[in-house]
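Going in written order, the chains are labelled A, B, C, D and E, and every chain counts its residues from 1.
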Amino acid sequence: MILEVDHVTKRFNGVAAVRGVSFSVPEGAIFGLMGANGAGKTTIFSMIAGNEQPTSGDIRFQGSSIQGLRPWRISRLGIARTFQIVRPFPALTCRENVALAVLYGAGQDSSPARAMRVAGEILNEVKLATVADEEARRLTLVSRKRLEIARALGARPKLLLLDEVLAGLTPMEVEAAVELLRHIHRRYQLTIVMVEHVLRALMRLCTEIAVLDHGEKIAEGSPQAVSADPVVVKAYFGAPQ
Amino acid sequence: MRPLHDVRIIIAALVTTAAVVVGVLFFASDYFIDFATSLAMWIALSESWTLLSGMTGYVSLGHVVFFGLGGYLTVLTFGMLPIWAALALSGACATGLAVLVGFPCFRVRGPYFVILTFGLSEFVKYIVVNVEARASKFGRLIFGGPDPNEVFLIMVGLAVAAFFLSYFIRRSRLGAGLRGIREDEIAAETTGVPVARLKLIAFGLSALIPGIAGGAFLFRSGYFEPIQAFNPSISFSMITMAVIGGTDDAYGPLIGAVALVTLSELLWANAPEIYMTVLGLLLVVFVIWVPDGIEGRLRNWWKTQRA
Amino acid sequence: MLSFQLLIAALATGSVYALIAVGLNLIYGTMRLLNVAHGDLVMLGAYATYWSFSLLHVDPLIAVPFVGLLAAGIGAAAYFFLFQHFLRTGSLTDRIEANSLLVFFGLSIAIENLASLAFSGNPQAYEYLDRVIRIGSASIVGNRLAALIIALCTCIGVLLFFRLTTLGLAVRAIIQSRDAAEIVGVSARKTYLLTFCIGFGLAGMTGAVVSLYSQIWPFMGFSYTIVGFVIIILGGLGNIVGSIVGGLLLGVLETFGVAAVGANYRSILIYGVFIAIIIIRPQGLFGTKSTAR
Amino acid sequence: MSATLLELRAVTAGYGDVVVLHEISFSAREGSVTALIGSNGAGKTTTMRCVAGLLRPDNGTIAWRGGVINALSASERVELGISLVPEGRLIFPDFTVEENLSIGAFNPRAKPNRNRRRDEMYGLFPRLRERRGQHAGTMSGGEQQMLALARGLMAEPKLLLLDEPSLGLAPSIISQLFDIVDTVRRMGVTIVIVEQNVHRTLQIADYVYVLENGQIVIHGDAQSCAENPNIKQAYLGLY
Amino acid sequence: EKVRVGYSISRTGLYAVATPVQQQTYELWRDQINAAGGLSIGGKGKRQIEFVSYDDQSEPSKAAQIYEKLISSDKVDLLLSPWGTATHIAVAPVVERHKFPLIGSTASTTLVRDLGAKYMWFTEVTPADFGGDLPKLLGSIGIKRVAIIAMQLPLALETKKFLVPALHQAGIEIVFDQEYPPDIKDMTGLLTSVKGAAPDGVIALSYPNDSMLYLSTAREVGLTAKFQFLEIGPTEAFIQHKFGENLDGIVTIGHWSPDQKAWPKARPFYDAYKARFNEAPDNLDSVVSYMSAEILQQAVEKVGLNHEKIREAIATGTFDTINGLVRFKGATNVGTPNGYLQIQKGVPQIIWPDQIKTADFQPKGPWK
């Protein structure tokens, strides 16, 4: 198990965003996290990446606890996340955005020149090569999401946390993006945890899915099992489809 | 990240500096040496300010505190330590102060940081005022410091050091991390940038040379008095030169300092009555209508020339 | 220690501080324009009052609102000629702190030096409401009392104005996102203009008030600017109540603090308390913490 | 046929030197739902920003009930009745949920009914009522999207511009969203919607424009577009 | 051809508030001489005077740069002094290096004695005198208990340094002693404490701005000591406008009065200044500036423009000025006695020492 989330709870002045959630992700898996809006998915990502501290519970990465570590330490251990509400470095070019991750992420490259080169390759990989030297603030929302992925990859992670990176794509584009994710999963030998409301994509990518509702885990299992679970259907789709 | 460093530029810069120094020392009048000393000092100060504020976006309005502290330490140790040791001590203490206050100060950002640094420099100023008053000192005079030519050389050394510090940091991994902090601190930290440490390093580095310059300046003026040594307008001038020149690369503050020091020299000599007014209005015009600084303008112009 | 005399003095000093801070907060707290020329408008307001008193024999108390209007006009001019362009230019607003500092610094230098050319560097002062008035166990010179009352009333007036109109909400919206504000119907132009007028107008009025009891000279402004900045950071940016409370607090610190620890520690005390508060409460005493997700 | 409320005639727009829209023309009839679809980077958001007044077109005219409104600022257009629910939310992060809603009714037309309207929004999105005192910036992505939508409705628009309103919403909320759009339209509000959820969009739309590389390549009523093989292939895909 | 006289002065910055009187005095002097046909050069004809002046922005190092420029690049014939002690100190090495005589005026510190300057002299009395002599005055009028408050700026601190031991020596008790920083905005706290100590003399080592603060606050808290001393300020026009008769009884430093008949040039100077600027000259800054100019003028009259000869003339000569005869010993003026002024019916009168006094000390009456 590369990642173990162990009875994690997070409260924000009274509101429990996450309540005693546990799950583990095997090395090399693509693990899905779904749930209604405000269910606590992003909060879990924030806790794994160190942006938020759990109120209680423990999170282990490769067997050892990462509780209380600053985000940059966690990044260097090999965990990278994307932000659902994207936050690229706006005045830097795409290439510089990624190069920064190459320099400071788990790869710890020390040469800016090399980092820029590597960044170019990664941008190529995620199909952003044409805008590599555009400032990030000039990109469309969809491209920014993609830049988030590229930057996360730049940090050379073992575990990649993707937060709704497929939102805003047309069905055709979703197809392409799913292929892209498969490709990088293989190419970089990653473990991926992804949050997505585009169910079709989760179904096709994930080996296992956990479902959250109101901060609690209400189901976990294979995509088929989960999507057939009446509890999930009720909580997530509202009316039966 | 800036393009990689260019050895030709470095060599050109060093050769030019050496030529200017030799020229000044052998041919210039005392008056001109004085002017050149002041120019070198401002280059050193505004380059240093940019190391923190230009690169991380944490605008310091209190950088004079390092300058003043350097002056104070140098005057205190004058006669007890050799010059070089006094200056080294000044630099080290300024850096130490920056690192020390950096811990709490970096808890705040944006406007709060701006005014906090100002408050801090005033705080230190009044402590020194009190200590001096306690010691029944009403200003201190020093005799027998280095002569003007030596002070000139020290200042040029500081200017060159500050320039290259800025130049190389911008092209280094550290510089990239600092720009990340400027753009988005949370994203930067999540990407692996140890923001707290980097900010302290930047603060410490940007305090180093002002500390030494404060000591060297003392040899030029021969007189220390805390209200003057910690005058906030020194902080303002550093910012002015850096921003007018442009903070995107090491050339910016250099150009800004040259432009402003020269301009003010020309103006006060030729239009003393209206000199300050003109200077003020020029500042306004420049910031509003030449927003990317002189350096940015030149670079754009250069680009269009080549295109 | 807790004498009524000190309290009155604290109020007299603090209320003028508060007035300075409220005006400054409008410009800095809402637009992030680091208005280091604020004190220079105070200076111009003081001169305007002084001249109208000594040349035209206008009662300074009557002059106060007119001086305010005059300064508001300067604010409008500053907006149209300088800041309209400034606030529209992306590369300027990127580093709005440093850039606006420079613009205002430039203005400040120009204003101060033009003033010293025009009015000479000699300080001025006039005798007005110069009787010592007793209030209970305390006494205060009439002109300081007048200053206290005007300053306090103006502060409360501004507070009410902001409570009763949506201007406050509008300016707070604009700082968070100009685009978002525009699409809910907040006109950035109008709001900026109004803010400039009120902010500058208050500075002018402060000048009129200050002239009642203090000396007037071209370079008097800077120290007022500094006080203003310290207070608005203490009270929280954009927070008018915070500025008023912060101003009074500084007044209290200035009188009671000095009485308690000795005058030589006055500035150390003020800046020390300021630093401590900011470090303990980074968003100021009354500011709310902003969050990013 | 109802009158044309909004009309773009040969609008060219972009950012600095980059031209994004090339002589776009399209119109929205009063009371109708007009859909604007297209792939990533086609210029949909740019179009919406032009209509809302956040971006000035370089060329061409934007007309409101026949009168040219090019010169009006975004805030002035809100007073006319144009309300944008922007892509990427653009809420006020430091305001509470309630303040965000209140300021949504900033324009003089909407102000008098502000409180009643806010309660209606709380009815539509109970989550917002639960969190009325929470800073909007700390809300979850989907919650922020709901807030943006509600804030857009607070303005009592005559023309509602929706730029990817379903972004980040869970399926149950998405259905609710389309129901809301339907209700709003029935109240006589004209709607222009940009959506990737083309399937559902075509169901509620009256007229469709397809934007590619800054140009309108196909337009027609929703029915015929749903059957158009090009659209089927590109936008309806495997769904 | 005109004689070019250079100087620098702070028209902007910290000191700018204090410098106009000095500049006005210089202008008066120049215009008086020019009206009389010009400056007489070693008795060989007269030449008109022309000023070359710059703003040093209240920065002493800038002033040093300016004197460098005046001497080596503008090549002026003569120099007048800048304003302020720190500025004088900064300029000293420059004139020494160029062997260019300069008579200082508005500078007062014992530090300059140690400079060992050969080309610089100071007309002003030093703090050693006006700090050290004060207890003599106090003794003569029977003050036993004093409170001292002092601004934390050089002149005040230096005065205090000489004042305190002298008080001890004279057996005068110091019942309160506190300093305050330059940016003080309210003195109620401070003066309440002073009042609590019940002194019969208050010595405020103050500058103009805080003198103003002192006066209004002292009235409010009802500070009624019969001796109240403000170091700098009471003679300034704006303070006189503001406080009118309330200023009566306040004592300050100063050794000049137009009413002292022993100095025949004093009254004409006063009248000329008043006519020209519509205000009385400052009893300190105007006077010492004018004295310095007079000495320079008399030296040039005698020996011409040769710097070495001027130096010789100044160092050895005796000069008749508006403040009596001046003679230098080293850099120090040993001709002009130290003194104190008291404002009486709006007019500064010399009340000490006896040989030059123009009026007797009167205890400070109640505030109006």
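Just so we're on the same page, a contact is a pair of C-beta atoms (placed from the backbone, for glycine too) under 8 Å apart; a residue touches a chain by one contact, two chains touch by 3 or more.
The model shown is predicted, which means the values in this text are computed figures rather than measured ones.
Participant: What is the minimum number of touch steps required to go from subunit C to subunit E?
Facilitator: Graph distance in the chain contact network comes out at 1.
Participant: Comparing A-D against B-E, which pair counts more contacting C-beta pairs?
Facilitator: A-D
Participant: Roughly how far is subunit A from subunit D, centre to centre by C-alpha average, rounded to an integer in Å?
Facilitator: 29
Participant: Taking each chain's centre as the mean position of its Cα atoms, how many Å separate subunit B from subunit C?
Facilitator: One centre to the other, that is 30 Å.
Participant: So the centre of each chain is just the mean of its C-alpha atoms; given that, what is the distance between subunit C and subunit D in Å?
Facilitator: 42
Participant: In angstrom, rounded to a whole number, how far apart do the mean CA points of subunit A and subunit E lie?
Facilitator: Roughly 75 Å separates the two chain centres.
Participant: Could you tell me which residues belong to subunit C and also touch two or more other chains?
Facilitator: 112-113, 226, 264, 267, 292-293
Participant: Where does subunit A touch two or more other chains at once, residue-wise?
Facilitator: Counting only residues that touch two or more other chains, subunit A contributes 85, 91.
Participant: Can you pull out the residues of subunit E that are in contact with at least two other chains?
Facilitator: Expected reply: 11-14, 152, 179, 181.
Participant: List the residues on subunit D that touch subunit A in their complex, please.
Facilitator: Result: residues 15, 18, 37, 39-41, 45, 87-89, 127, 131, 134, 138-146, 164, 167-173, 175-176, 196, 198, 233-239 of subunit D touch subunit A.
Participant: What residues on subunit B touch subunit C, complex-wise?
Facilitator: Of all residues in subunit B, those touching subunit C are 53, 57, 59, 61, 104-105, 107-108, 110-112, 114-116, 118-120, 122-123, 126-127, 129-130, 133, 186, 236, 239-240, 243-244, 247, 273-274, 276-277, 279-284, 286-288, 291-292.
Participant: Which residues of subunit E touch subunit C once you look at their complex with the stated criterion?
Facilitator: Its residues touching subunit C are 11-14, 16-17, 19-21, 149, 152, 178-181, 183-190, 192-193, 208-209, 212, 216-217, 219-222, 236-239, 241-244, 246, 367.
Participant: Residue numbers of subunit A touching subunit D in their complex, please.
Facilitator: Checking each residue of subunit A against subunit D gives 12, 15, 35-39, 41-43, 84-86, 138, 140-143, 163-164, 167-175, 197, 199-200, 236-239.
Participant: Which residues, counting only subunit C, touch subunit E once they are in their complex?
Facilitator: Touching subunit E from subunit C are residues 3, 5-6, 9-10, 12-13, 112-113, 116, 120-127, 130, 132, 138-141, 144, 213-215, 217-219, 223, 226-227, 251, 254-260, 262-264, 266-267.
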